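Report on one structure; see the data block that follows.
Each chain carries a letter (A, B, C, D, E and F) given by its place in the written order, and its residues are counted from 1.
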Amino acid sequence: MRLQLCTWQEVESYLQRSTGIIIPIGSTEQHGPNGLIGTDAICPETVAFGVGERIGAMVAPTLSIGMAQHHMAFPGTITFRPTTLIAVVTDVVNALARHGFDSFYFLNGHGGNIATISAAFSEIYAQSSLGTAPEDRRPVRCRLANWFMGAKVKALSKELFGDSEGRHATPSEVSLSYYAYPDAVKQAQMTPKIAPVGEIRDAADYRRQFPDGRIGSDPSLASVEAGERLYRASMEDVEADYLAFTQKGA
Amino acid sequence: MRLQLCTWQEVESYLQRSTGIIIPIGSTEQHGPNGLIGTDAICPETVAFGVGERIGAMVAPTLSIGMAQHHMAFPGTITFRPTTLIAVVTDVVNALARHGFDSFYFLNGHGGNIATISAAFSEIYAQSSLGTAPEDRRPVRCRLANWFMGAKVKALSKELFGDSEGRHATPSEVSLSYYAYPDAVKQAQMTPKIAPVGEIRDAADYRRQFPDGRIGSDPSLASVEAGERLYRASMEDVEADYLAFTQKGA
Amino acid sequence: MRLQLCTWQEVESYLQRSTGIIIPIGSTEQHGPNGLIGTDAICPETVAFGVGERIGAMVAPTLSIGMAQHHMAFPGTITFRPTTLIAVVTDVVNALARHGFDSFYFLNGHGGNIATISAAFSEIYAQSSLGTAPEDRRPVRCRLANWFMGAKVKALSKELFGDSEGRHATPSEVSLSYYAYPDAVKQAQMTPKIAPVGEIRDAADYRRQFPDGRIGSDPSLASVEAGERLYRASMEDVEADYLAFTQKGA
Amino acid sequence: MRLQLCTWQEVESYLQRSTGIIIPIGSTEQHGPNGLIGTDAICPETVAFGVGERIGAMVAPTLSIGMAQHHMAFPGTITFRPTTLIAVVTDVVNALARHGFDSFYFLNGHGGNIATISAAFSEIYAQSSLGTAPEDRRPVRCRLANWFMGAKVKALSKELFGDSEGRHATPSEVSLSYYAYPDAVKQAQMTPKIAPVGEIRDAADYRRQFPDGRIGSDPSLASVEAGERLYRASMEDVEADYLAFTQKGA
Amino acid sequence: MRLQLCTWQEVESYLQRSTGIIIPIGSTEQHGPNGLIGTDAICPETVAFGVGERIGAMVAPTLSIGMAQHHMAFPGTITFRPTTLIAVVTDVVNALARHGFDSFYFLNGHGGNIATISAAFSEIYAQSSLGTAPEDRRPVRCRLANWFMGAKVKALSKELFGDSEGRHATPSEVSLSYYAYPDAVKQAQMTPKIAPVGEIRDAADYRRQFPDGRIGSDPSLASVEAGERLYRASMEDVEADYLAFTQKGA
Amino acid sequence: MRLQLCTWQEVESYLQRSTGIIIPIGSTEQHGPNGLIGTDAICPETVAFGVGERIGAMVAPTLSIGMAQHHMAFPGTITFRPTTLIAVVTDVVNALARHGFDSFYFLNGHGGNIATISAAFSEIYAQSSLGTAPEDRRPVRCRLANWFMGAKVKALSKELFGDSEGRHATPSEVSLSYYAYPDAVKQAQMTPKIAPVGEIRDAADYRRQFPDGRIGSDPSLASVEAGERLYRASMEDVEADYLAFTQKGA
């Protein structure tokens, strides 16, 4: 169930049977020579919609912009400052908690979001711990799940791409985005075949180290077919994890 | 062109010929008994994608959450605090300005966003006026256009729905969202036929005044067919307005 | 009744019979060659004091500084960033609400304030809607009234100045400020007679478009006599509107 | 010269001969049984206007609301949170600095403002010290002067009221406000004759310790005549101090 | 008792007999040619540990960084912006208040902290006064004591150093820090013997006025022996003041 | 070299040969029945001082308070909100960067800090990436190293404590704090011997899951002797890592 396609009465009914919700969260940032700028939002959204349909879980609208400061030297990247992203995540949780949701499953597509989303969770929990939560907010539980780190996905990525998977603009994520938007498949030469690796700092430093945007990957291996297999693997990862999360008593 | 479906190199090329971008912005909020919670995001997104394709304009990912505090007594509504929304809009503009974009066309689907988006524009302009803009940011121009207030749309709404149009959960916006998502069409009785009107204050007061969420409207008149006509009308409004905006020298 | 000229015991008595208050809000910004920098604060203050005296309404001290970033290229202009103005308005309402005031009538003198004040109202209402209002705050109602948009004022402006009224540094507001401070009447040539019109962006852009600060107006038509007539017209507008606002049940 | 009564061209001329400005800053808070709620704003404003006229110094509009949290248990008091007041002072200085003002003389009427205004000055100076000041802002100098602590005022207060002067709702400040607004003179019995003294904490604690709002004072001794003498004494204090401040090279 | 060296069960026991706590707060900033950068943190920490041990008072970890923007032109200085320091102090108090502490005795070592800490106290009290304190927070009392302004310390400083004491990098504070860290005693020539005095503004201005960092002092007179005497004097000052503070009913 | 024990001239000299600095960062939070509340600050401080002395690296004063919201149900815990901690880390880096430091090595003692410190680094880098860094700030590099995750420490912890190490209030960290403060060694029964494990959410939930504060550990195994071995192992880990970090060209 997509929240955006429900009426409020349908949400009211849903809350009778579940207080969990999946919130896809991504980023809008360069993904190398053949990857889509929306990759990190498209991937978790696609999986979330699939899972939501299969198990009847509510799926919130995708938070498409994340913390991508390090990609800012590549045109098209949009980033929130970490403090803005904390405000965004906090507001979303507090609004939904007002209606009775209490189990927030953030399905994330961007490694660079992890620290800031975790800090946002701490900010939300701290409101409970310090007595500053919105009036009548009952205890909330937040979980950050990265689709690309699910067990079945990782196994399949390894099988499909081995050492060419890398860390950014990976053939796995590019494949999944191609599966979601087959008309957007791109072709590009990769030079070198496998991109360099290194540490992430600011945008100028990033571009110096990783001139075409990739880290450690060869996304020319990406394909719609691989994407479909990754989609199915990720649905299994996420479905199991989400059910475990929401069925554990609050 | 959808930013999310481009590579960074395609954005780099685009910037050679245009520094304008369309940013759909909406809200996630109740829309009465048969309206979708995502209506206000779906409508401008749909029009923006249409226009973007027709005239080759870049379209940013939709900002799906807006200022909807007054709808918070209806399950499913998500709101940003105005100060959060100001941070969101400011960050988006400043990130894109870093790449050379300078003409920001926010295509808005929610009346409740207007004041806060305008305040955000003032915050952005104030950075120029006070000497606190990001280094090397050249002058930016921001425009807020509400799809539902375009001349052709307003004429068509009047023709189609007359006094049943109302102010919230209107048959026009519901129709356009149905056109975008025909599988999500809902049926509901409207009691009374036309909803009451009044002033907007906080959420409890809103629900007291407008028990099913509508203001002044009869959205049972909505249809996919009307939605398609509104879509075409809005594309004409927006296309003309966007071209006038971006072709006027900075 | 001017709050500044009351004792706290007088305020305590006032609250027995009314929980409404008028808060004049303006701006400190250039008003063209013969307009006073304080015009936008002086005008609503003058009308508020008049109405306050006539109907025994409490009038808070004038908030003299508003959102005037676009006038910053003219010496003497002072602006708050929008986020500062939101904090100011929120703090004022929350402090007064602590004493039992619940109907806040902001009488505004500056078009550039409208969006930000409206956003501030949303921030205040959002506190109720999200359960984050100060403890024991009862529901509040905020109204933004622009003295220059009252029906009687608009009719009189049209009668007095017709197409020379314009949008900024209008003969109407200059007249009203002259009526309030007849010793401060200024003389200046207007070149051109009627100033150009256009869109408002940042300060440098504003000064380029509107070199002497006026938009669309010929304030050389201003006079103390016109000011007095506008004062009386505005008092009628505001008195009726304020009574309607405060007599409507909360 | 009152900034509010100047045109921008007059400010431009003023800046040719001086880059100093007097900014009256006060508070809106209870002042005991016969003191005006606006006392702390009225007093510095009155002195500032007098000095401004006598020596041709520019006087900004009065900042009428300050940090008065401790008076919040008395109706009519308005307070900013300290962080809001810091934003207000910072914005005012940065806006005026943009035009070339560099010597900011805050004439203060409220002891409770001192710490927060000083912290605001540190925030402003820190922008220079940390390299985050607005572009092209030249070094600024801020001075906080409390009218009630000038040497001539203190001597006269002692002569006029001796031990009845006290610390809050003093006969001196009440007298000066009466001189400014003789029609607002109030009569009230003081019980006890001289109010108790003690430390200031939160509002409930304050009201418990100081039931009628006074601290250590007997303001029934206040008079318009005393107010006039204090006005003249303060003008001498402030004039000398302001000239010393602005004539010292930056 | 040092909080850092207790278990939580020991804190639980302590709260049975006392709800007071000493919080040393200092600064990390230049202290002239022979003064330690940590002087302002070391001094109150040393005294607080001594007092804490003697009377069994709980001592929180030292807040070593304060508001030192004016020293930023000297290497090694670290400063918080005032707004950051307000957040720090507020968070510390609110966290400890959650456990039942209600009497917060800040033992301060830096004059430049006074205004900002006082503003922070106002922010904390304002939460009570405005109804925005954390849930169930009982009334708190905050006291700012400057070790260098205790009566016995001031008498001893005068006796030991007379006019060479000065205002910054004083022989008294340098002596006390030497007593705490005798291995860190430094030797330096003072030129001139007694440093100049003046007003404090931003960092560049400070360095221009006070080229070696001192204000009005001759810290070459500092010694471990003097430090020990000052330590004992300060312990007496602080012990008496702390006991008076915590034994006074809330 | 401890920054607090240097003069500013010594820092100036240091900067001639190194632009790196070690910043110990910890937390003030319960550590089970026999662990010290200061454990997480004491451990990295002790190691940092050791390394600093051995290799002549500058060591900043310890940031003793971190993000510990989940421990707030145990008396004595102090926490910053994540947004406060981000401000703290950002201010510290920006102040030190002003003097020429550019390589910031945060030696951390608390797992709960990791996300928020990482978010703070992103905030700092984002200032470079977005053009909002302080004027003239050259590129900075920040590294977060957790003493308890160093290779030698992990091997030794495993050897010493095996499955009794656990996740919070571990025998390793308790041992190291005992080594630093042997007079503070505590005795306590552990029931059950090894504490339960689980996920971390808010404070009430934490206390429910982990009644005595430990997670998965048996800290009754801690000893001064083990602490000394861990101290030496950690010094080796940190020394190597710090040198690699600072010797890599910026």
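Of note:
The definition used in the following text is that contacts are C-beta pairs under 8 Å (C-beta built on N, C-alpha and C of every residue); 3 or more make two chains touch, one makes a residue touch a chain.
Everything numeric here is computed off the predicted structure, so don't read it as measured data.
The minimum number of touch steps separating chain D from chain F is 1.
Any chain touching chain B that also touches chain F appears here: A, D. Distance between Cα centroids is largest for the pairing of chain B with E. A repeat of the A-B interface exists among B-F, E-F or D-F; more than half of the contact pairs are identical by residue number at E-F. With angles rounded to a multiple of 5, the C-alpha fit of chain B against chain D returns 120 degrees of rotation. Of all chains, the one whose mean C-alpha position sits at the greatest distance from that of chain C is F. Separation between the centroids of chain A and chain D, computed from CA atoms only, is 53 Å.
Here the spacing of chain C and chain D, counted between their Cα centres, is 24 Å. Chain E has its Cα centroid 46 Å from the Cα centroid of chain A. Within chain D, the positions touching two or more other chains are listed as 72, 79, 81, 83, 95, 98, 129-130. The set of touching chain pairs reads A-B, A-C, A-E, A-F, B-C, B-D, B-F, C-D, C-E, D-E, D-F, E-F, using the touch definition from the header.
For chain B in complex with chain A, the touching residues are 2-12, 15, 28, 30-38, 41-42, 60-65, 72, 74-81, 83-84, 87-88, 91-92, 95-96, 98-100, 181, 184, 186, 188, 213. Touching chain A in their complex are the following residues of chain F: 67, 69-70, 72-73, 79, 81-83, 86, 112, 114-116, 118-120, 122-123, 125-126, 128-130, 139-142, 201-205. Interface residues of chain F facing chain D in the complex, by the touch rule stated above, are 94-95, 98, 134-137. The touching residues of chain A, counted against chain E in their complex, run 129-132.
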